[in-house]
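Per-chain numbering from 1; labels A, B, C, D and E assigned in written order.
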Amino acid sequence: MTTNAAAMGPGAGMKAPFVRITNASLHYGEEDESGSLALQGFDLEIARGEFVAVVGPSGCGKSTLMKLISGLTPRSSGHVTVDGVDVVRPLKTVGMAFQNPALLPWRTVLENVLLPIQVVRPHRTAFRQDRAPFVARAKALLAKVGLTGTEDRFGWQLSGGMQQRVSLCRALIHEPEILLLDEPFGALDAFTREELWDVLQTLWIERGFTILLVTHDLPEAVFLASRVHVLSSRPGRVIYTTDIDLSRPRQQDAIFTPRFVEYVHDLRAHVSRARQGT
Amino acid sequence: QTNIRFILDWSFQGQHAMFTMPVDDGTYTKLGLNVTVDRGGGSGDTVAKVASGAYDLGFADIYSMIRFNDQNPDHKLIAVMMVDDKSALAIEMKASSPIKTPQDLTGKTLASPVGDATRQLFPLFAAANKLDEKSIKWINVSPELREPLLVRGEADAITGHLTTVMLNLQNIGAQPSDIRTMAYIDFGVNLLGHAVVVKPEFAARNAEAIRNFIRGSVHGFNAMIKDPADAVASIKKRDPLVSADVEKDRIKMSLDYRMITENVLKNGASNVEPARLEGSVKDVAEAFGINKVPPASEVYTDQYLPPRSELRIIQ
Amino acid sequence: MKYKRTIRRAAYSASPWIATIGFFLSWELGCRLLNVPPFILPTPSAAIGSLLEYRDGIWLNASHTLVTTLLGFALAVVFGAGLGVIVGGSPLLYRALNPLLIGFNSIPKVAVVPILVLWFGIGFVPAVLTAFLVAFFPITVNVATGIVTMQPELRDVLRSLGASRTDILFRVGLPCSMPYFFASLKIAITLAFVGSVISETVASNVGIGYLMMSASATFRVPLVFAALLVIAGMGIIMYAAAAVLEWRFAGWAMRT
Amino acid sequence: MKYKRTIRRAAYSASPWIATIGFFLSWELGCRLLNVPPFILPTPSAAIGSLLEYRDGIWLNASHTLVTTLLGFALAVVFGAGLGVIVGGSPLLYRALNPLLIGFNSIPKVAVVPILVLWFGIGFVPAVLTAFLVAFFPITVNVATGIVTMQPELRDVLRSLGASRTDILFRVGLPCSMPYFFASLKIAITLAFVGSVISETVASNVGIGYLMMSASATFRVPLVFAALLVIAGMGIIMYAAAAVLEWRFAGWAMRT
Amino acid sequence: MTTNAAAMGPGAGMKAPFVRITNASLHYGEEDESGSLALQGFDLEIARGEFVAVVGPSGCGKSTLMKLISGLTPRSSGHVTVDGVDVVRPLKTVGMAFQNPALLPWRTVLENVLLPIQVVRPHRTAFRQDRAPFVARAKALLAKVGLTGTEDRFGWQLSGGMQQRVSLCRALIHEPEILLLDEPFGALDAFTREELWDVLQTLWIERGFTILLVTHDLPEAVFLASRVHVLSSRPGRVIYTTDIDLSRPRQQDAIFTPRFVEYVHDLRAHVSRARQGT
C-alpha cells in the first residue's frame, strides 16, 4: 500500500506536492453503518508553503478532512501522503486548531499554549533546560492575539472567542511545517477577526509554512488563501477550485475591490450549488 | 550464643511467663542462648510456623502437632518438652443449666470455634461417656463470640480450655460459682497438653541448645510458681494492656489444672509415661481420622532433656 | 497486513486466558523449584486436585456464599449509590457525613461481625450485612465524586431550564457518574466477597468462609486454596456481568 | 440576609462535628435505653473511658499501626497508580490483567497473611504488605477508569502533536483521572487501615490489631472499641490530608 | 432589595419592560480578583415580544449578560428583573442556546432535543403520558434546521455546525417565553445560516416570544433584530443602541438595500469604537 509514496521518497517530495490525497474515503464507525461516510473519492494536492482554504456546507466533511491529513482518523481507503510519507499515524509536524478550542482545563492559558513545546521533539529538551525563551514566545503570541494579561487564568475563565484565540496560539507556538486551522476565527467579532487575518498572513509570509484553513466566511477564505476549494455535501469531495490571484500582502481595503467581491460571489455560487446537491 | 526464635500458642498470657522470665532475668543468656519470644495465633498456626522454619521452637498442643505431621509427612515435628501434664480441655455450661452429666448433653447445642481442640476431640469424650455424638448441634463461632453466646443462652454449653474460658466468663461478668465445667481429664479422657515442639533436624543439629532451653524454661517454671507477681510483670512488659489480676488468676489456674500434677511434683517436669502417651495418641488418631498411628517415639522424645535432677519443680 | 491484524485480534481476545494460565504456571513452577511445602503455599495443581476431590462440598458452600454475597452486594449497590447521590448532591451532607463514613470504613469489619451475630443470630443475616457494610463505601465515594465533578457546562444546560436540584442530579449528575459507578462496582464486588467470607469465618455453619476455617484447622491447606480459587472465580464471573452493564450504560464515556 | 448567610456558613463548617457528635449521642442513648450489655456493644463513654485509661498502651500501639499503614498506603498509591496508568493506557493489558486482579481482590486477605508471615516473619513487614495488598486495587481501578474515559477531544489535542502514548497518558490521561484518583484515595486509606489491623490481629506483637485481639480475647470490649475509635480517628485525619491535596490537584474538576 | 420590583407586581409588568437591568454589575470569583469584572453599570430594557440583538468585541461580556438575565450567574450588584420578578435563581421560562453546543453525550440527538420537555413543568407530565406528539415536534424542528435522519445519532457523531443546530432546537422545543441565543449560527456556512434566519424570524412572528440574540455577524443582527445594542469592551455596558426600522418579514434580498448596509456600517463604526476603548 505504501510502496507508491515510499518509492518517491522524501527527496522526490521537493517536486511532488507536500500533501497529496488521492481517491480517499473515510467512514466513521463500521463500514456498513449508514450516514457515517464523511469523505468519498476525495482528491486534493497542496504544495509546500501554499495557503489553501476549504469551504463547504455544514457537515460536509471539512473537519474530517483535517483529521484525515493529520492522521488523527485513519482513512478507510485511498492514499494520503504528507511530504511523501504515507499517513498511517498522527503526524508530528502539524499544528492544529480544532473547531472547538479544547483547552486542557487543568492548565492555565500560558500552560496550554506551551503544551506543544513540552511534547514536540526538538523543543521539549530545550524547554526542560530553559523555559524562559519559550515563555517569552508564548507571551508574545498571546499579545499578538490580544490576550495579554490572561496568561495565568484557566481556559474556562475566558470567553468563547478568547478561548479560540488561545487555541490558535497553541497551534502556532511550535512553528509547525503545516498548519491545520478549523474555523479559527468563528467566534470572533469582525474587527478582532480582521486583525488576526493580518497576523496570520504576516506569519505565513515570514515563515512560509503550509496552511490549510477551513472557514465559513468566504471573504476570509479569499483574503487569506492562495487557492480555495469548495467541497460538496456529505460525502465530501472537492467540486470546485479557484486560485486567488491577489497580490501579497493583502490589505484590509482589498475586501472592497471588485476582484475580491467577484471571487467571493463566485465561491458563493459554488457553495450554494454544493448545498443544493443535498 | 545460639539464636532461638520461639513462638507461643496464643497472645501473651500469664503462664507464658515460664518462657519470658528466663529471657528477662538473663537465664537463657547465661545458658548461651539468645531467645526471642513471639505471640502465636493458635496451636495449629504455631506448628505450621515451626515446620516452615519461620521459628525454631514453638509452644503448641501436642495433638495439633500429630495432626499436622499426618498431613505433612515430609515436615514432621517432634515434642521435646511436655509442659502441660494434663490437658485443660473441658466443656463449660452455666451452673443453672440442667446439664449435669455428660449424657445430659444429648441433643444440646454447643458453640465452639471449628478448630478448637476440645471440639475436635469431642468424639473421645463422647465415646468415654457413651454419649451419642451425632445428636449434638454445633455452632461455629470465632473465639470472641463463644462465651457471650453461652451467657446469652444461645448455646447450652461451650467447649474450650478451662483456663481460657473460665477467665473469659469472669471478664463478662460471670462468677466462678455461676459456671459448671466438665474437664475431659476427669471424664475418662486422659490427654496431655501443650509441649515445646521442634523440627527433628533442628533438634539434632542443636541438641545442646535445646537442652539448655529446657533448663532455662524449668527455671522459668519454678520462678513463675515462686513469684506470680513477677511473672505477670514479665508478661505485662510485653503486652502493657493485659490485666494484672486476670493474668495472676490465669497463672494460678494453669498451674492447678494443667501444669502441676502429682507426677510433676514427684518426677519433675516433662515426665511422660510412654504407655499413657501411646494410648492417648491412639485415641486421638482415631478421632482425627488418622490411619497411620504414629509410634510414641515419633511424637515425643526425652533425649534432649537435661538430667532429671535439673527438672525438679518445687511448689 | 490483514493477517497481522487477525493475529493481534486473537491475542487480544485470548489475553485474559494467557495471563491467567501464565500466572498459574509460574505459581506451580515457583512452588516446585523453591520446594515450598504445601502447608505454606500449595501448588495450584494440588489446589485444583482438592477442588475436584471435594467438589460437592465446595459447591454446596460456594453457592451459599454466592447467594449471601449477591444479596449483600445488591444492598450495597442500592444503598451506596443512593447515599452517593444524596451526598454528591448536597455539599452540606457531603461535609457532615464524610468523617463518619471514613471513620466507619477504616474499622476492620471483623470487629463488627460479632456484634451483628449477637444481634441477628448466627449465619445468613450477619454475612449479608457484612458484605453490604464492606462494599457500599466505594460505591458511595465514586458516585458522589462523579456527581461533584460533573461538567459545569452540562449542568448549566439543566439549570437554564429551571430544573430542580433533583432533576439536575438525575439527568446530568447520575449519567456523568456512571463511569465512576461502574468502576466502583468492580471494587465493591470483590469487597462483598471478602465481607461475606470473613463473616462466615467468624460465625457460620456453612459457606466458603466456614470451609476455609475448618480446612485450615485440619491443615488441609490445598483445600483452603481450592476455596480461595472458587471465590476468585465467582468474583470474576460477577465482574464480567457488571462489565456488560458498563458497556451498555457508560459506553458513551469511552467514545473514540 | 447577611445574618442568614452567616448562620448557614456556620452550620456548614460545624456540620461534621454536629453529625459526629449526634452519632455518638444516639449510640450512647441507644445503649442505655436498650440496656445493651457492654460485652455486646459498649457505650461510647465506656470506650472513651478505656481510651483514657489505657492511653499510653494505646498510643504505643496506635503509632505503630499508623506507621505500618502509612507505609502500606504509600506503596499502594505508588504501585496502584502505576498499575492503573499501565492498565488504563493499554487495552490489551487491561483485558489481560482484569480477571487476575478481580480474582485476587475477591480473596479475603486474612487468608494471605499467614503466607506473608511465613515468608517475612511476624510483625512489621507482613502488616505493611497486607495494607498494601488490600489498598492498591481501588486506586488501580479508578486511575485506569479515569484514563480510559478521558475526554477524546483533549486526547486528540495531544495526538495532533504527534505525542507518544506515554505523553498522552501523562499529559491528558493522568490529569483527567485525578478526581478518580483522589476518590480512590479515600477508599484506599480506609482499606489500608483495615489491612494492617487485620494483619496485626493475625500475627504481631504490637499494633492496634494486636491490642484488639488481646483485648477481645479477655473480653475487654470497651477497650476493643477504644481501639476502633482510634483507628477511625486516624483514618479521618489521613483523609483530611488527602482532601487538601485533592483541592490542590483536582480542584479544576469542581470549577463552577 | 426586591421591594421595587415586587411593588410593581406582575400586573404592572404589562406596562413595565419584560426584562429590566438597572446598574447591574457582575464579578466572576472573589470581588477583589482582577480581570474578573465582566459587566459594570449595565442598563438594558427589553419589552415583551421584542427581538433584540447584542453585539460587541470578543470578551466584552455578552455571554455573561445571558447568564445574568437567565439567572445562571447571580449579579454582584444592581437590579435585574424579568416579568417584574427579581432574578435571584435560574428562570424557568427561558430557552437558552449556549455559545458552545453542550449536548449531553449520553443522549442521542432526539433525546437531547427532548430534554427540556422532560424537565420543564407543564410539558413533563404530558410527556410522561404521551411521548408521541413531542417526538413529532422534535423531529419537525430538526427537519427545519436540516437535520432529518440524525435523530438517533449521538451529539459527538455530528459536525460542529450540526451540533449547534441541535442545540438551537433544544432551546426552542419547549416554546419558552424568552429566548437567549448566544451566537447560534456561528459555526454555519452562509447559506444554512441565512436559511435559519428565516426560520427564526418566522417562528418569532408566529409565536411572539422575546428574543435576545448575541452575534458577531452585524448583518445577522440587523436582519433579525428590531433593536441592536453595542457593548463596550470589558467591563461591558451598553454604549450604543439603534432601532432597526425595516419592515417584517424581512427577505434575504433586504441585505443588499442601502438602508440595511447603512445600519451595518453604523454598527460597525460603533463596535470599532468599542474595541478601541480597550
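Everything below uses one rule, namely that a contact is a pair of C-beta atoms (placed from the backbone, for glycine too) under 8 Å apart; a residue touches a chain by one contact, two chains touch by 3 or more.
These figures come from a predicted structure and were not determined experimentally.
Shared contact partners of chain A and chain C, listed by label, are D, E.
Note on connectivity: the fewest steps through touching chains from chain A to chain D is 1.
Here the spacing of chain B and chain D, counted between their Cα centres, is 38 Å.
Put simply, the C-alpha centre of chain C and that of chain E have 49 angstrom between them. The mean-CA centres of chain C and chain D are about 16 angstrom from one another, to the nearest whole unit.
Looking at chain A, one finds that residues 100, 156 touch two or more other chains. The set of chain B residues that touch two or more partner chains comprises 48, 52, 144, 148. Residue numbers of chain D whose C-beta contacts span two or more other chains: 40, 118, 152, 216, 253, 255. All chain pairs in contact, by the document's touch criterion: A-D, A-E, B-C, B-D, C-D, C-E. Residue ranges of chain C in contact with chain E, taken from their complex: 153-154, 156-163, 167, 171-172, 175, 178, 252-253, 255. Interface of chain A with chain E (complex): residues 28-29, 35-36, 55-64, 99-100, 146, 149-150, 153, 157-162, 165, 182-183, 186-193, 216-218, 268, 271-272, 275, 278. Chain E meets chain C in the complex at residues 70, 72, 90-94, 96, 98, 100, 102, 104-106, 115-116, 118-120, 154, 156, 170, 174, 180. Chain C contributes residues 11-12, 15-16, 18-20, 23, 40-41, 91-93, 95-100, 102-111, 114-115, 118-119, 137-138, 141-142, 144-145, 148-149, 152, 179-180, 182-184, 186-187, 189-191, 193-194, 197-198, 201, 209, 212, 224, 228, 231-236, 239, 250, 253-256 to its touches with chain D in the complex. Of all residues in chain B, only 7, 10-12, 38-39, 41, 45, 48-49, 52, 54, 143-144, 147-148, 151, 167-168, 171-173, 238-243, 246 touch chain D in the complex they form.
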